[in-house]
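Next up, some structures in structure tokens.
Shared between the two complexes below is chain A, which pairs with chain B and chain C, respectively.
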Partner chain A sequence: MRPRAPVGDDGPAAGGAAPWVFLAPLLIFAFVFFVLPLGFSVWLSFTRWNPLGTPSWVGLRQFEYLLTRDDAFWRTILNTFVFAFGFVAIGVPLALVLAFAFSRAKGKAIWRQVYYLPQLTNIVAIAYLWQFVLDDRDGLINRGLAAIGLRGPDWLTDPTMAMISVVLVMIWYDAGKNMLIFSAALEAVDQEIYDAATLDGAGAWRTLRSVTLPIIRPAFTFATITSFITGMGFFSLILAMTGGGPRGATEVTALYTYRMAFEDLRMGRASAGALILFVIIGLLSLLQFRALRERAR
Partner chain B sequence: MTVSDPVVAGETAEIAANRRLLSGGTLRRQAGGVLKYVLLTLGAGLMILPFADMFIGALRGPADVYANPPRYLPAEPQWGVYARVFAELPMGRWFANSVIVTFLITAAQVATSVTAGYALAKYEFRGRAAIFRLVVGAQMFPFFLFIIPIFFILRFVPLMGGNDIAGQGGSGLLGTYAALCLPFLVTWYGVFLMRQFFLAIPDDLMEAARLDGANEYRIFRSIMLPLVKPAIATLTLFSFVYHWNEFIWTMTVTRSAPELQTLPVGIYLLSGAFESLDQKSLQQAALAVSILPVIVVFLALQRLFVASDFASGVK
Partner chain C sequence: MLHQRTAALALGLAVGTPMAAIAQDAPLTVAMHYTQEQAAPLLACLDAYDADGVTATYQQISYRDYLQTVLTGRLGGQSPDIYNVYSIWAAQMVDNGVLDTPPDTVSEFVSETYSAGTVDAVTIDGTAWGVPTEISAYMLVSNMALLREAGYESPPTTWDGLREVAEAVTTRNDQGRIETAGFAFADSSSGAGFVHPFYALLYSEGARPYADDFSEANLDTPEAETALGQMAGLVQDGITDLSVDAYDFPAGGIGMMIMANWLESEIRAGFGDSFEDDVVVSQIPAGEDWRTLQYAFFMGVDSASDRKEEAWELVRYLNAPRDGGPSCIGEMLAGLGALTANTADNAAMDAPDAFTAPYLAALEEDRAISQPNVMQAAEIEGMMAQTFERALAGDAEPGPALETLDGKVEDILFEFY
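After this line comes the complex of A and B, so read on.
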């Protein structure tokens, strides 16, 4: 036999320097735009820095201020939770229901395209389109309600309604993405499994519970956790739609820290705030992952 | 399905019982089917409603908005509004910037994803597992964490944009196309997607080509790359959509550089100019222009697009 290049257990063979050449862009990028910014961010959070001057080391003072003295910070954390939980709790099950409905519907490709439409649209347009539709006086919805003699709510100017509005728009915007994830998972289920369940006398509900749901559970876990992470850090919609108002009612932490950095020029405190939010997201994602995996057993 | 199958000799009593059970529920199921389509149609209407509202609103003229009560449907559709957005707003500039930035980023993301995904799937080397963990793990880091540090990393690039060797004194790469593109040259998700696709391709192809004396780069270019074209199409489409629509980062670095603004950023930062009632139609027309290219490209490319590719991150 001819000598061959050494082959590993699971197949891939060594190719000398080639893999490193192929990976070079990724490695450079990972250093400059991942490792370096994370390190910089952590370092900044221990400083006070207005970018016109030089950073001065203040230790844990920024964290201490945000966590113990800044009421606005805690209010934004609460808003972030309301926004993310509302979005996940309604949005993910809704996407699952849609995927189910499409999976046996006629013309499913067209249904999917229609429900995917918002995902193709830039977030500024999403925000402004809904501003027009929800406008207190001239919006389509309140005009419609007025036509049947009802007085519509102040969708964007009432503090409670404004939060409900941005959550609903977020659900509307994101439904198509999770729907695709669930559709793909449902399509991977073999029709024969359904036929077998039917032959065994399982009704529709029982088939759903005992066959379909266990098979798509990984997709459900994936969609829940990624949506949660998205929801906790998402602020572009709110920035363009309500600007965090009215009276801070929709100001989420990511938006709060963004403004702290680029409007108030407090880079150290903003970095600390972003890190706190990141740690909260990380811990909660881990908990969710554990919980969803436990239930699978 | 099974209900309509021809009767098979020797059918068990159990199956026959099931069949009776199923036909008993037929009426209810039909009613449920109709209800499903009614609900799906209502939902579809809700998906389209804001877009329809925008197209109608763009066509309203001053005569409609100042009428008492204001008219929802324009009495005379003002089609000229689409010419006006290009004449009265820097739409051409925004549009060109959107095209340039989206094209550069998409091309770079496809190139870096294909090469890195290939290396992670098809070679065995020290550190492969660690790099793969980085690719998976990095996807978990939300973007808001990077805005401040990357902004200043670009600001302090030595010897660029008037900076001295220590990165002080000038504006670095801020205010250049590089600032818009560099932070997006690699997409962790894209690398992951490409790796999954290359894993599915048998190693024998590489081995055979090696025995024929082909070098590693030729194997990649001539043999492996053509085999993942569908995945490349999917990634291209996703990168295009994402970066045509990208807002926060571009807004952050072009706030004071109007000549670099893209469509969403330009429309957002100019929103103060649309306060007056008869300017709303201009804003709605501008939004329509920002949305349409994506929908056209998506519909043109969607036959290449496989939903299951997108969801392959699930497994």
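After this line comes the complex of A and C, so read on.
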């Protein structure tokens, strides 16, 4: 029988320097590429810095400006919530439906690949492709509708429709990723559980509601939270597709801070905006995670 | 401790001396946004350049990434010796000491060789910070095939005339969408498609967007309201709408636009053989006292360059006429169909084509007024573009919208002036 190690002697310190040596590459990487930039960004948010010059300390003034005087910042926060909520509320259930549909379909591997393809495509190419499809005057959809005598919506020049358009394209772009997560979760459900449910007389709907969904709940939680975080911070599609227009209707906070930093050269204010967004995402993700975990109990 | 310091000093000298020698021997770097193909005549000049052992090389930085690359390069101590700066970036670069003050010989060369409006475009606080290179100006560009079809033989010269012609040219399909647009604004990411025509109309009203010392904005004036009201009226009265993009002019479905000369090659490609007959450039439609906007790129020297004197010498060499022929920059710009305000170059080159001649005349007659070299120009013009777009779309009335804009712009001016 192996002698038990003394209490407190089973952590990294137990092996002397060896564990730290093995951990060092990861720790150094995390420090250089995560902790350092994040710390620098936090520090910058208390400064006024145009990168041509040197930063000057302004305390909380950047936060005060953004939160109390910058109407555009609040408008972008609202746009961010609309975009992220639309993306999660439609995108996640849609991915689940697709995963269900393909789990029993013939050639499911091919279907999954087809739906995953947008993820492998350059986001700028996707934006241009959809511009051709959605252009108000010459887009494929409106040309098609005109051919049957209907006037299509102003997909990209009406503020409300533009937001709907970018949300739908984002869902199309991302659906394959969540579908794969749900597919993997569905594949992992033991067939014997379904057999037992069938023996107990459960129908298809009952089996889905009482067996499948509870079992894949961790995948659902993961997909919901990661999609929400993605939606709150995503802006490259919007930048390339609408540029934040029309009239700022699709300008989300991440895009607003990007422009502030690299077009207006206001690194301090942009860092403060990014930090506010970071805190909002962090808090909401935490609440979401807790709520979903509570429901799982 | 003393030994450690001595060793560090020796190491520094050992490493530093050859590095300094390498920097002195390295060619001067000229960073511009033109591709190698576009810059071919300039590259030939740089390859041949040898001033007492000082040579030169070319670095291409895409226009979109130019300022960011400059910023990153300076942070890393890797900045080029010579920049080609868009004039609206200049105020910030000067304010932060990025640009070197030109020597008297270069300043004299600029004031003697370039038209007054162009010298203004590169001037901040009374100093011309470099040698103007490519100039862009705005004029009314018309598709005469569409205008003739609507019964008009010449482009309009007043705003009322423009409204009349545009209305006559515009056609809509059964669903009410514009098929042929009488007039179009350009949908550009920077907002220039709204802001630059606004400047042209504002200048034609005899007004300026800022006080001379930038202590206040003049965007809530009656002249500004008139200029924006004219633009908004086209959309509000159904003569055009924002779904039409002036950059589609080369496709032939747009009657008129207020556009810069640099779009010539695309328009020429779009119109093909009918370009000469069907595309006409004319004055800003604002009556006899019309004015327009010009903006410039200029060559400046990095204040951190260790060979500023040699760099200024190279800048002058590249922009000075050669044996009765155009300068290296002039030759390159002519090949691109771009404008220069270098009087010696314009005298040395063939007469401009019918498209370019009115732009050049606007520069020579000092009708083209420079884009303001104000701090945070890109940020301010982005705000202007959003305000103008709201007014055009009918979400706001020009007067109140301009009043709000004026306040926001003055907040920014207050930070810097």
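By our rule, the second predicted complex is superposed on the first by the 272 of 297 C-alpha atoms of A that agree within 3 Å, B and C clash if a C-alpha of one lies under 4 Å from a C-alpha of the other, contacts with A are read in each partner's own complex, and residues count from 1 in each chain.
To be clear about the criterion, a residue touches a chain if its C-beta (ideal position, glycine included) is under 8 Å from a C-beta of that chain, and two chains touch if they have at least 3 such contacts.
Everything numeric here is computed off the predicted structure, so don't read it as measured data.
Enquirer: Just from the overlay, do chain B and chain C fit on chain A, or is there a clash?
Expert: Clash: chain B and chain C overlap once superposed on chain A.
Enquirer: One more residue to check, A:231. First (chain B), second (chain C), both or neither?
Expert: A:231 contacts neither chain B nor chain C.
Enquirer: Which chain, chain B or chain C, is in touch with more residues of chain A?
Expert: The larger set of chain A residues in touch belongs to B.
Enquirer: Tell me which partner A:262 touches in the superposition: chain B (first), chain C (second), both or neither.
Expert: It touches chain B and chain C both.
Enquirer: So, A:157: does it touch chain B (first), chain C (second), both, or neither?
Expert: A:157 sits against chain C, while chain B stays out of touch.
Enquirer: According to the stated criteria, A:91 is in contact with first (chain B), second (chain C), both, or neither; which is it?
Expert: neither
Enquirer: After lining up the shared chain so the two structures overlap, which partner does A:246 touch, if you call chain B first and chain C second: first, second, both or neither?
Expert: second
Enquirer: Determine, under the contact definition given at the top, whether A:136 touches first (chain B), second (chain C), both, or neither.
Expert: Only chain C is touched by A:136; chain B is not.
Enquirer: Figure out whether A:51 sits in contact with chain B (first) or chain C (second), or with both, or with neither.
Expert: After superposing on A, A:51 lies in contact with both chain B and chain C.
Enquirer: Thinking only about the overlay and not a real complex, which stretch of chain C clashes with chain B: 40-48, 76-84, 148-156 or 166-174?
Expert: It is 76-84; the other listed stretches have no clashes.
Enquirer: Where on chain A do the contacts with chain B and the contacts with chain C coincide?
Expert: 51, 262
Enquirer: Applying the document's contact rule, which stretches of chain C touch chain A when the two form their complex?
Expert: 67-68, 71, 74-75, 92-93, 95-98, 173-178, 189, 241-244, 376, 378-379, 382, 386, 389-390, 393, 395
Enquirer: For chain A, which residues count as touching chain C in their complex?
Expert: It is residues 50-53, 136-137, 142, 145-146, 149-152, 154, 157, 243, 245-248, 259, 262-266 of chain A that touch chain C.
Enquirer: Could you please specify the touching residues of chain B with respect to chain A in the complex?
Expert: 1-2, 14-15, 17-18, 21-22, 36-37, 39-40, 43-44, 46-51, 53-54, 57, 70, 72, 111-112, 115-116, 118-125, 128, 131, 134-135, 138, 140-150, 152-153, 155, 182-183, 185-186, 191, 203, 206-207, 210-211, 216-217, 220, 241, 244-245, 247-248, 252, 255, 263-265, 267-268, 271, 280, 283-284, 287, 290-291, 294-295, 298-299, 302, 307-308, 310-315
Enquirer: Write out the stretch or stretches of chain A touching chain B in their complex.
Expert: 2, 4-5, 8, 11-16, 18-23, 25-27, 29-30, 32-34, 36-38, 40-41, 44, 51, 98, 101-102, 105, 111-115, 117-126, 128-130, 132-133, 138, 140, 143, 172, 180-181, 183-185, 187-188, 195, 198-199, 201, 218-219, 222, 229-230, 232-233, 235-236, 239-240, 254, 257-258, 261-262, 267, 270-271, 274-275, 277-278, 281-282, 285
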